[in-house]
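I've put the structures underneath this note.
Common to both upcoming complexes is chain A, partnered first by chain B, then by chain C.
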Partner chain A sequence: MMSAVAALLAKELTLELRTRESVPSMVLFSIATYVVFHFGLDRDRVTGDLASGVLWVTLLFSAILGVNRLFVAEYEQGGFDGFLLAPVDRTALLVAKALTLFAFLGIVELVAVPAFALLLLGPPLTQALPQLVLVLALANAGIAVIGTLVAGLAIQTRARDLIVPLIALPLLVPVLLAAARCATPLLSDGGAGALPGNWLAILAIYDLLFALIAYAVFDFLLED
Partner chain B sequence: MLTLAFALVFFYAPNDADQGFIFKIFYVHVPLAIVALVGFVVAAVFGALHLRSQESKWDMRSYVTIHISVIFAVGVLVTGSIWARASWGHWFVWDEPMLVSFLIVFLLYATYWPLRFSIEDKEKQSRYASVFAIVAGAFVPLNFAAVRMAESFTHPQTATTTTSAPASVTLTFLVALAGMALLFVTLCKYEMASKHATFRLRALRRRLAGDEDELSMTGRSAAPQL
Partner chain C sequence: MPDPAPALVLRGAGRRYGERAALRDVTLELEAGRTLVVFGPNGAGKTTLLRMLATLLRPHAGEVRVLGRPLPGDGYAVRGRIGFLGHEALLYRELSGRENLRFHAKLHRVAAGRVDEVLDAVGMTARCGDPVAELSRGMVQRLAIARAVLHEPELLLLDEPLANLDPAAAAQVAPLIGVGGAGPSDRRTRVVTSHDPAGGLQGADVALGLKGGRVALLAAATDVEPAQIAELYR
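So, the complex of A and B:
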């Protein structure tokens, strides 16, 4: 199981390094979204809940781009059949894909969050960084799990690009809500406030529950 | 049953002290909402049974339950807006956890048909639809828990309303709830019967036509086939 996950993860990362398909477009998309927000809101700097909202909406939409591409290579090149022929647990694919998406999101945020601080954010980010990394990690875990599930659900459909955001966005609303509430005190003027513990707990519980649901139903998405 | 409930609503239950007559929409809105949400969860159970047994009748039940629940959900949103307009002065209030989470659930389930329509293979279609039903059914209570923890508690909560309310209100509410649940079950049974009849008819026609134009007969439908 572990070695299968490691092999699949290595395959994903090599593929991304060679083709550079998802991550660069996600980064570019998020920066373009900041520009759109700048003109849409007509603000030079944002703070507090507005900053948190802008950041999370941007990250969420760029995550949807990654989710859309997640299984495309498998689907088009017959990777599913190859995987099903291999004598490994099917959950390995779920875990590997979720970890891939988690890694992609992390890399995107390495660029997108500093860019946000540079372009739009009012108060300096340095103090709040450790807490923000915690919130980002928890939210990324949720997006990764739900994104993998939705991508697996939508890959066989004709209108994949339409189905993914339609299903993923409602499912991700609680993640967005909790993450935005967590990040609000971190991005407000006058220094970083304390993290709201209950929102962090909601985020963690939501991640955990959806991981269990995904584990329970993912096998059926691969049957053929 | 439903007629009895409506009769009770109009002639028996007292008007609310500060909301007046409009409070009576409560007896439609809340049972509708409860029945629709329970319907979503039941659909998830049917979906799980379908995945376990691979029998298409469970997929059909899941499909029909979601169908009727979504129709009920539209009713909930409409009656909820009317009530909100009358008692809060706005059609939609964003800091209402119940309203917002119901809208999210409705939006999620509205994608059930695009999902079904865009998968060609029948067997795959029903399997994916069942997975969707399970995921979405599990999402319903989670979403409500999450959004409810988020916000103010100004929405009239069902539990507190019924416990602190006079007996006449409780009785009317329970009758309305039972009536709505029966309506739901009846509608589900009716739709199933109609689907069965359609399939029987189609099969007979196909036999009459001598299996010549089998494909053109099935038409374009995302409903599960038997």
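So, the complex of A and C:
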């Protein structure tokens, strides 16, 4: 299965490099949202729980853009049929798509997190960065798995753009909550606080739970 | 000699889209190595039949066995043994022809050298580096044929394979898929849809006529007159 995952992942990244449909729009959306928060909150700098909330709401909404586009090439260009005709485990598509979304989110955050630090965040980010990267990775994993599952479900429907946020956002509330709670001490005045272990564990368990659910049901989403 | 065991067995096979029956009560057997040509007007169920045999659609009624395995249960066991050419090329527009074929080669665990072989066979070596979006429909069809035969499948399911091809291109790809004037040159089993009575019957062993999703004609190709096929379209 790993060779199929590698082939699918390479194809996804090549397509994104050629079309630039997802990542640039996610990055631009993130920066635009910071500007909106800047004027909406009427503040030059945010810290603590407010900073954490602004960061995660922004990243979550930008992720929805990526989720919406995740299966479009498969649906519009026959990629589903091409994949389904191959003698490979269907889980390979789930894994490859989740890894693709995970990679897209990581790339977006390479720009969006420094932009947040520059445009809105009060305290410097340098000290908290290693811990924040851990929180980002765990949250991205959850978003990637849930996003792939929802995108696979919604792609067959006519109102795809509407259905993705309607289903994905409620499912992602626990990820948002745990990630925001984890990041709050990291973005507080007076230097980075300790990571709350319980919220980090909740985030990891939620990731694992949805990875198992996605593994169990993804096959059925590909049935005609 | 071809394997005498039937490659395809359908008994009362049917398929619906919602309330509408696209295929009803289709019963036939096709021995391995034989060619079945399917005629019928638009909406007769030809594409549905091919997609069902390709494991892309689940049969809703009856029994369907492909290469000895029951569908949909054993679909996983026959997918890699089927070559499917439908109305869609199943190629990514932003990738080149070669990139698309290499991608499919990896999924089918086919050696990369085979990609160059099939590109040459369909006459697309010179343009194989161009994005599919920049190719003509005929060129895309040639690449789609290359994709369908890339893994040397035992069963070829071809939906109007020579559509969009000029006479020279059709003559070039015909030996590869065993249709048209060339006729089969290998032991593959084929199911080919066609709207051309004379051309379709050439090289075929069995002719199937569908009308309104039902079998209207099923006979040895040599026993079928073009006039009987023309009747399906009235």
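Everything that follows uses one rule, which is that the second predicted complex is superposed on the first by the 224 of 224 C-alpha atoms of A that agree within 3 Å, B and C clash if a C-alpha of one lies under 4 Å from a C-alpha of the other, contacts with A are read in each partner's own complex, and residues count from 1 in each chain.
We adopt the following convention: contacts are C-beta pairs under 8 Å (C-beta built on N, C-alpha and C of every residue); 3 or more make two chains touch, one makes a residue touch a chain.
Everything numeric here is computed off the predicted structure, so don't read it as measured data.
Ranking chain B and chain C by residues of chain A touched puts B first.
Of the two partner chains, chain B is the only one touched by A:158; chain C is not. Using the contact criterion defined above for the overlaid structures, shared-chain residue A:171 touches chain B, although it does not reach chain C. When both complexes are overlaid on chain A, the residue A:202 reaches chain B alone and has no touch with chain C. Using the contact criterion defined above for the overlaid structures, shared-chain residue A:107 touches neither chain B nor chain C, since it reaches no partner. Looking at the shared chain after the overlay, A:223 reaches both chain B and chain C. In the overlay built on the shared chain, the residue A:4 is in contact with chain C alone; chain B does not reach it. With both structures placed on the common chain, the touch criterion links A:18 to chain C but leaves chain B unconnected. Once both structures are placed on chain A, chain A residues 223 are touched by chain B and, in the other complex, by chain C. In the complex of the two chains, the chain C residues touching chain A come out as 54-58, 76, 79-80, 82, 84, 86, 88-95, 99, 103-104, 106-109, 131, 147. Note for the complex: chain B touches chain A at residues 51, 104-105, 107-108, 110-111, 114-115, 118-121, 124, 127-128, 130-132, 134-136, 138-139, 142-143, 146-147, 149-150.
Residues of chain A touching chain B in their complex: 149, 153-154, 156-160, 162-163, 166-167, 169-171, 173-174, 177-178, 181, 198, 202, 206, 209, 213, 216-217, 220-221, 223. Listed in rising order, the residues of chain A touching chain C in the complex are 3-4, 6-7, 10-11, 14-15, 18-19, 73, 77-79, 81-88, 223-224.
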